[in-house]
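Following this line, the structures themselves.
Heads up, the next two complexes both have subunit A, just with different partners, subunit B and then subunit C.
Right after this comes the complex of A and B.
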């Protein structure tokens, strides 16, 4: 009996395999569009779509599980009686070509949306999803997943993990449905040889040495448990935060949202939830106008302390996955890496 | 901009004047901050202590409307310290002797007194700017929205030429454009005196080139500027108007006169994506498509023409602006309005506009567009302007003299009101941004910035509503006590229709550019009694 946990898929078998998977579920993978942007896209026609496994997708998986705006319920009133309609049920979906950092973020979101009660729409989508990751042999410019223990390869959490060995993929199966897939479509695969295993380890070692950013995430997390951050660091960062919310929106682990009830007429309406950001002043402003957070000094305090101090204390791990998207998007250059550098003393304010 | 935006990162000195860059041009602000992180020196000229002024090495908080006095003082210091670029002056400029003699006649302490900045600070700023060969000047509406706006810009140009800080990478004079495509609108001659590509309307040969394509005759007379049109008055020559994507009933100065004009027109048609204050006065409203519902090109501050692609189909009966214009054209029997798509329109632009000569759609799709001048198909576009020579040949120094703003403060109106964009979250008359719940939450109401010293004298508390009055009108507005403004100066935005601040502003204009003096008018304020 062959070991189903690890197999080799030759590259010319990739599209035939994906074609089969697409019959079972909606298939979403990174695709470079006409404007040069790589985005997770639903594959409609596998013969004409080229999946882009070279570039980092601009968005994480977050929008597929927690959309920027979604209707969580709609209601109608008839003779004073309210009827609530839940949203459409989720569709079976297979995500292919997901990077390690983005899956790690999804595992974190699982935690957030499970307490105190499981979030219905999130878990509906999550239970209907299977994630196939692609280990990173070459980190992107702003990445630092090695420092956040969320890459470049993963140990757990995936349905399947693909590692590019050049002419083939080294495929590892995770729990449950991933292993089922390998069993069902076993005839596409061949067995792992000792040479393949050595090549995989070699690539892993090489990948870890290729990060251009050296961010002391764990050191910062540990230091935060014992020390407070100097006020001038918060002030320096806040001065340059323009409240655009970009960092929170691109962040794969930022899950803050706001809920609004929107009447759609006299007898019906919807309840929507949409992304929010703790860096916004309206996020903490009271109805009477008082704001417990002074934005001019502490705009970014909650963001960084939540990710690096409290999550580290509560879950043993920072809720930053080192994907580097906030580094790219910040107008003021005051992303999480700037904070960590300032706080750990790699740069003085 | 004479530079490209990316060049700002490599500059060694950045002189920002009349621009709240980080709030109003965040992408450019980002480049400036990166330069500062690299070690560049940042000098900000602004009456207000804006976010970028707080981060400046030197903040020159001048009295509103005294830009020329300040720049003249800086130039005088540069002469005194022998920091002028003699080679550049002799090779590339003319009329320097006249400027030099004029500057030598000026009294530095007198100029310092006019601006309200001490002489030593001006001296330091001038030396920092002049000692670097990679100095950039960025300016915005704080320079141009004055009755002496054209001279303000000339003064800035004099300063750059005096030190040779133009014509090369990382140095130049950069006006930051206030709308995504205002550069494109100007390039396409949404200006009264030129044809597309800034070609002279008075030149018969150029006119005939356009007439051959447009199959009509083009009047050689210069048209009217925006403020002249909206201040036409009830007995003015203009009887009908078609306004597209502009909201003068909130954005133009001295709103009383604007409304009088619009209300007494025989016919007003407005095209916009929402029913603006102006559209509410119209006889006919065209529902226009938003940026996401149409294609075309957008030209940004660095003269880069970029393709904007349609993301979604127009909702309901909305139509792209080009469609509205073409259909109107056909109905009034205007020939040459039969374009199949945006690429065909661009082909006509390339044909008639030399600076856009090589900008065909297939080329624009590469490399995020091209920067004009791009005169022919294989031309790579132009990164920075004025290499080897200026547009007119040699750069001409023109003497600029300080001139007081149109309206002076006096006993009855002791405060100077400065207006501008007041928040990162709202854009101009907030036609679009106030339709976003999140942006409204972040910036829900208009506030009047006022210094704590003035509040002590007037016995005002933070958040209290005051009546703000000028010779032309009055509004009620809550105050925000802040050190962003100096005593004697108050500031508010023009985002909110409930507080139409332009009821108060003056319609006095710069004689050349016709740009109104939105940055300075005199007001008084008093507490509104509670019921």
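Right after this comes the complex of A and C.
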């Protein structure tokens, strides 16, 4: 997909633009809270909120499209009638300051939630969303998006992509609503000069040169199509997995869930969908106690094979976006990069 | 857009007490205009008030639609709750889901059904379908044999159905692991019934029961010379959605809800599955 339109936004015009956007839809952007955590937050008052574009948001966009817990239906049992009602419709939302890895993850989720039928609540939110990304000029410590082809800049998928050129943003519009926005608020922008283009390209090359982690993602994916992972690797990883689910929690592409009823009274309740993790022991355990997965040896097998083997085979791309959050969070040190390192080091028989 | 988590309302028309643990719930959709059909081997996501959903295979044949039978063993919260419901009560259903048995491959075959306990439920759908067809029809089965094993005589389910099957010419052979004073039939594992059975290249075997039983029966059938493409089983897994999203029923890159629950041994051998470790 080609950028339909490119313009420059001087930095002093950013807040005036966002003020306009906030009138059109709910605006969500990264904000550093009192605890020092940078989290995607609904902007209530743009004049008193400082949007944090320096730090990596601790969570991805996942919670806004597949909330940690959401109502998929409410039910009632009244006078013998057992009926279900769909949830409230989604509201228009503009996300600002989203990193390339997290938009790539959202595009993956689009794929997952479209088969075999479009998931109603996911697509309702998705159809009411516009994502404005910010390309990364400086990768964070654990990032490896270059190895997963999901950054540091993007070529498609966004509503708008912002690239920080120092005193201004280089803004590219994607198809649809992003281009409409540029059209509508054109008076905030100025035309791109040759100098801006050169600056953008130079920053892109510099960003690519600053990754400290060298993770052989594609090599691991290709090797997995041909070779079996040694049992010792699975066992070694499992020994250090403490079933906390942290990796699945922060992962922007972990979309497994559980569905349960939550009674709200004798005659009514809600059916909720909540995050679940294949690393947890209860994930595959059946009524009666039989579990087809031996957690002591294979706690992490599904997680890594799904992302690197099956998704690569099915979609031609791993479903890891190199965001590095699992590297940050895993206190056992058995994140996806550990697996890739161990497996790519495994001798080919 | 499809409200993919909104079940359809169904009414319990009849409850058939199969044994102390198992009952068959005969359901009918309250909205009679809804197009609903299924094939033997498919399953439904069943909703019971306040208990969420569970994947349950359909035990009746499509020939008796609009009635749909679910034969359910009291095991967890939902399955225990439905056992306290009565005729006229309502449940919710979504589906049907999953790949059915390859019925077209079963025409003119000698069908061998091997079941353990509640595992007879999904196979019953196939047997009933073939019995519904007249024996003169082109796609009728050549012969139908059932080898059915249960823990004890009291655990035998579908007694009335089995009696009726026998009357219709099905060779039904039963065995129990532990006999009591009421039992004068076979004692021992269901695999032992295979000692006196001969299979041929025209045999198609359908196996369902506890994982350990499936494993040993399949090994035995293979040893008797049955081809991998002639042995079928239906797998049970923890499931939360039925539509390939929740991830719980993962099976080495496949999902039981979409790619199964019916698998041929040939398909399973290509996968890393605990029951059939390579």
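Following the convention adopted for this analysis, the second predicted complex is superposed on the first by the 340 of 349 C-alpha atoms of A that agree within 3 Å, B and C clash if a C-alpha of one lies under 4 Å from a C-alpha of the other, contacts with A are read in each partner's own complex, and residues count from 1 in each chain.
Here is the rule we use: a contact is a pair of C-beta atoms (placed from the backbone, for glycine too) under 8 Å apart; a residue touches a chain by one contact, two chains touch by 3 or more.
This structure is a prediction, so every number in the text was calculated from the model and none was measured.
S.K.: Put subunit B and subunit C onto subunit A via the superposition and say whether they clash or fit.
M.R.: fit
S.K.: Tell me the contact category for A:243 with respect to subunit B and subunit C: first, second, both or neither.
M.R.: first
S.K.: Looking at the overlay, what does A:92 touch: subunit B (first), subunit C (second), both, or neither?
M.R.: neither
S.K.: After the superposition, just quote the angle formed at subunit A by subunit B and subunit C, using C-alpha centres and rounding to the nearest 10°.
M.R.: Once the two structures are overlaid, it is 80 degrees.
S.K.: Does subunit B (first) or subunit C (second) touch A:191, or do both, or does neither?
M.R.: The answer is neither, since A:191 touches no partner chain.
S.K.: Residues of subunit A touched by subunit B versus by subunit C: which partner has the larger set?
M.R.: Counted on subunit A, the partner with more touching residues turns out to be C.
S.K.: Once chain A of both complexes is superposed, is A:116 in touch with subunit B (first), subunit C (second), both, or neither?
M.R.: The second partner, subunit C, only.
S.K.: Applying the document's definition of touch, where does A:35 land relative to subunit B and subunit C: first, second, both, or neither?
M.R.: First partner only, subunit B.
S.K.: Which partner chains sit in contact with A:260 here, subunit B, subunit C, both or neither? Use first/second/both/neither.
M.R.: In the superposition, A:260 touches subunit B and subunit C alike.
S.K.: In the superposed arrangement, which partner chain does A:44 touch: subunit B (first), subunit C (second), both, or neither?
M.R.: neither
S.K.: Determine, under the contact definition given at the top, whether A:281 touches first (subunit B), second (subunit C), both, or neither.
M.R.: first
S.K.: After the two structures are laid over each other on chain A, how near do the C-alpha atoms of subunit B and subunit C get, in Å?
M.R.: For subunit B and subunit C in the superposition, the minimum C-alpha gap reads 12 Å.
S.K.: Just which bits of subunit A does subunit B share with subunit C as contact spots?
M.R.: On subunit A, the overlap between the subunit B and subunit C contacts is residues 258, 260, 276.
S.K.: If we count contacts the way the header does, which residues on subunit B are in touch with subunit A in the complex?
M.R.: Where subunit B meets subunit A, its residues are 22-23, 26-27, 29-30, 33-34, 37, 51, 54-55, 309, 424-425, 437-438, 441-442, 463.
S.K.: Can you check the complex and tell me which residues of subunit A touch subunit C?
M.R.: Residues in contact with subunit C: 72-73, 75, 77, 80-86, 112-113, 115-121, 123-124, 255-261, 263, 269, 271, 273, 276, 278, 283-288, 290, 292-294, 302, 305-306, 309-310, 313.
S.K.: Flag every residue of subunit C that touches subunit A in the complex, lowest number first.
M.R.: 1-7, 9, 47, 49-54, 75-76, 79, 88-92, 210-211, 236-238, 240-241, 243-250, 252-253, 258, 273-275
S.K.: Touching residues of subunit A toward subunit B in the complex: what are they?
M.R.: Per the stated touch rule, the residues are 34-35, 239-240, 242-245, 258, 260, 274, 276, 280-282, 289, 331-333.
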